[in-house]
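A, B, C and D label the chains in the order they appear, each numbered from 1.
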Amino acid sequence: MKLHVSSDLHYSFQPGTGAVVSVHAATSPDQTVISESLEIDPLPELVFDPADARGERRFRGEFSGDVRIRYEAVVDNGARSLLPSAATRHAWPDLPTEALVFLLPSRYCSSDRFISFAEKTFGTIPEGGAMVQAVLSWLYENIEYAFGISSSDTTAEHTFVERKGVCRDFTHLGITLCRALNIPARAVSAYAMGLEPQDFHAVFEVYLENAWWLVDPTGLVPVENLVRIGVGRDAADIAFLSTTSPCSLIWQTVKVLPAV
Amino acid sequence: MKLHVSSDLHYSFQPGTGAVVSVHAATSPDQTVISESLEIDPLPELVFDPADARGERRFRGEFSGDVRIRYEAVVDNGARSLLPSAATRHAWPDLPTEALVFLLPSRYCSSDRFISFAEKTFGTIPEGGAMVQAVLSWLYENIEYAFGISSSDTTAEHTFVERKGVCRDFTHLGITLCRALNIPARAVSAYAMGLEPQDFHAVFEVYLENAWWLVDPTGLVPVENLVRIGVGRDAADIAFLSTTSPCSLIWQTVKVLPAV
Amino acid sequence: MKLHVSSDLHYSFQPGTGAVVSVHAATSPDQTVISESLEIDPLPELVFDPADARGERRFRGEFSGDVRIRYEAVVDNGARSLLPSAATRHAWPDLPTEALVFLLPSRYCSSDRFISFAEKTFGTIPEGGAMVQAVLSWLYENIEYAFGISSSDTTAEHTFVERKGVCRDFTHLGITLCRALNIPARAVSAYAMGLEPQDFHAVFEVYLENAWWLVDPTGLVPVENLVRIGVGRDAADIAFLSTTSPCSLIWQTVKVLPAV
Amino acid sequence: MKLHVSSDLHYSFQPGTGAVVSVHAATSPDQTVISESLEIDPLPELVFDPADARGERRFRGEFSGDVRIRYEAVVDNGARSLLPSAATRHAWPDLPTEALVFLLPSRYCSSDRFISFAEKTFGTIPEGGAMVQAVLSWLYENIEYAFGISSSDTTAEHTFVERKGVCRDFTHLGITLCRALNIPARAVSAYAMGLEPQDFHAVFEVYLENAWWLVDPTGLVPVENLVRIGVGRDAADIAFLSTTSPCSLIWQTVKVLPAV
């Protein structure tokens, strides 16, 4: 599908605040950036980091005072495939080196503590694809989508206990359960068409049968409505804005529409 | 049943260590202490606190160097009743004042975070007694009794995630789920016949239909084989030994046998 | 000083919500309630618990829909003394039984983990009163009073790391450090004259030289401007409103003025 | 200095356990591997991952039953320089892309929560090198090297509260404080000559003035006695052995001696 995505961030920064901004659509095998534009007002000197292995593109600089950052792009994600139930799980010796780190526990995803639960609940499912689908069904049945329960401190363990959360929490718990099943899983920030209210979305990817497959653990957005931005071990890695000092939101809008 | 209980604690204390010792069998309506003896060598000056509302008896003093504390008693717990499925849950206005504190979250029992899970899993069971029995069955089916996973830092949340623990962990999670269901629940330290290896045991009590009912969440010991020692909000309150400075174990034995 | 205190709580409850309300000024040796009134609209059947050992008075009942609870009192706290530097710390054998529980760690106050820090920082101060004053100075110098950092999940450990918080957080960290120094300490909810914005206040008490002494760890309110409401092991125990189901605030005001 | 390092791991694995082993000395600009040997008995099929950006070399395979892994090498680390006090801290736009991830909080290093403390304690020190040295001095003065306090669950926050720990804990807290000061910092596993008892060691590196500088936060081992093995965001990333199922230690030895 061709999607028109845009984000418009308006923040107030203390003088000389270092900031990393991650709002560009990724240039990855499963999506093509047809056109894009970036406007920053006022414009500081910027460094554009080279795209990482997964096509994530970030830039950084020193910001001061009120700054507005507007990004727009038309993206075609027509090359994206749906995770098939039959996709097989790899044994460790067969995983690519770069997938290994996504098996490790991370700040919000303490997968090492979930091994008993994951094995007992999902361990007898024969294929990796069906295993991940069972994890997604479990999330759908057991976790309620609810605002105001979680914060940026909320871990997969908290969500597993409290049974409520937002996209970030579903993503952390989904990643955690997959890693506990020895399936590499990583967090993805995305533009998402049809999300209410419109905002950046957090989803995740699993590595099965020689490929990364995108899934939305909230079940709110079909994968063809997603445009990938950044990839990381968990949400801490894929913030659209990280800064060296606290900054304050003035306003922010995110929009995703079908591109004509 | 009449039980002969004994504990023999041998510890090394730094000079002038304040210590509270809680090894006496409680003198409570559901158990009678027929005879008992206490020997401490060397014997410091001791203060015996009056028995609390539940019959718990503790003593304290300043200990220095190697100290041996031997307690022995014959106890009849023949007055204890088993929790009936039909026992009713109280509405708040009907609870006795002293039960209210056992509805609150405590250090190891963050019951406020388990409300969604508890309501969804047990909330439709009509009677309080059956509700508690369902909690016990859930623990039995989902938590594995295992040494070496948990420590004195382990909370009910950890055990709920890791699905493994010892008597203390079963007790904390059981208490937490009951409180989340608005059933007062409190931790009980006990002598337990038939426990392997023999040691102090942690169990809990629930308040239903005008009475406290003792249950063993590990399912290892029938309630007629238990002799209650102390009662508290969670395990932190019912340690058999609390001290103002670290002390070291030399050895310790606990024994429970049928009294002839 | 004679103070006129009032609180006006307007909440919306789900049908049949059990609630415990703790807004009455305590009737304690260090303060006298000269007159008071309570209005609840609509008025459910209520149970008034007897005053606890410290004079705390609570009531409870089942509330449904919009309810307004207005409490007003004139209180004389003229009998309250200031903590003297020379107040002595008790050895364990000399503490009254009822003070012992306030030496134990509790949910938000894991004093057992702070022993090294407390001993190193305050351990050489000879008298208990001066020790507590040093704890209060340390809080004043190292913790910034700031809104929006902490929540009802914030523990003394969080505040010790983040170095920011509100009255509840100062209270938890102050209690924790005192207990780590073997000084019994307990949380107190209070009406406070001069607090900006006006709200319920959290302070604490320490047990030294045969008495409980009230202190305000934020340094914002002199003790003669405080009217004690409730006492507990930490803030979880002294909420002005605890309920069996979530309820929503409509509005709430707290006022404290000099009584003519 | 030329060092002769060796490790001899003897473990028992459940059938078909996936394992990643990281015991090879890194082939990095600051150390040269002169000779080395690896013996595994019995020998499974292995995959050797290519050295990562920092020269870390790992291998993996499926292990079953009793397996012994012996690694030996002679390494020259003569090219390593000591961190100078005057080394300057980079502004964000000037950092290399690959250093950015080492500014982010990670599982055991919640640097975002330490900003107030770090700024207040170290923030006025003008140069990056002196800032890191002040962090190391602070660790030396405030944290006691002690076994038996920490576990693999222990975070920098725990160590900051408890003020005790082992090399892993010193490393986590040191990394955390540096990141809170906007200095990239990463965990390093190492062979260390002179460590008592001999074992793998955890140290860290900071990025200042266009280079990574190795430091030992325990102060136990001079950097010329260290041989780097692996690099990661915190200790979770640099385990010498990670497995898909629990395995049991039979025995393990680590040795580091001057090479003749």
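Keep this in mind: a residue touches a chain if its C-beta (ideal position, glycine included) is under 8 Å from a C-beta of that chain, and two chains touch if they have at least 3 such contacts.
Since we're looking at a predicted model, the values are computed, not measured.
Distance from the chain B centre to the chain D centre is 43 Å, each centre being the mean of its Cα atoms.
For the pair chain A and chain D, the distance between C-alpha centroids works out to 29 Å. Shared interface positions of chain C, defined as residues touching 2 or more other chains, are 110. Chain-to-chain contact here is organised cyclically: the chains close a single ring, every chain touching exactly two others. Interface note: chains touch in the pairs A-B, A-D, B-C, C-D.
Taken together, the chain D residues at the contact with chain A in this complex read 18-20, 45-47, 49-50, 60-62, 91-93, 97, 100-101, 104-107, 110, 182, 236-237, 242, 244. On the side of chain D, the complex with chain C involves touching residues 110, 113-114, 116-117, 120, 142, 144, 157-158, 160-164.
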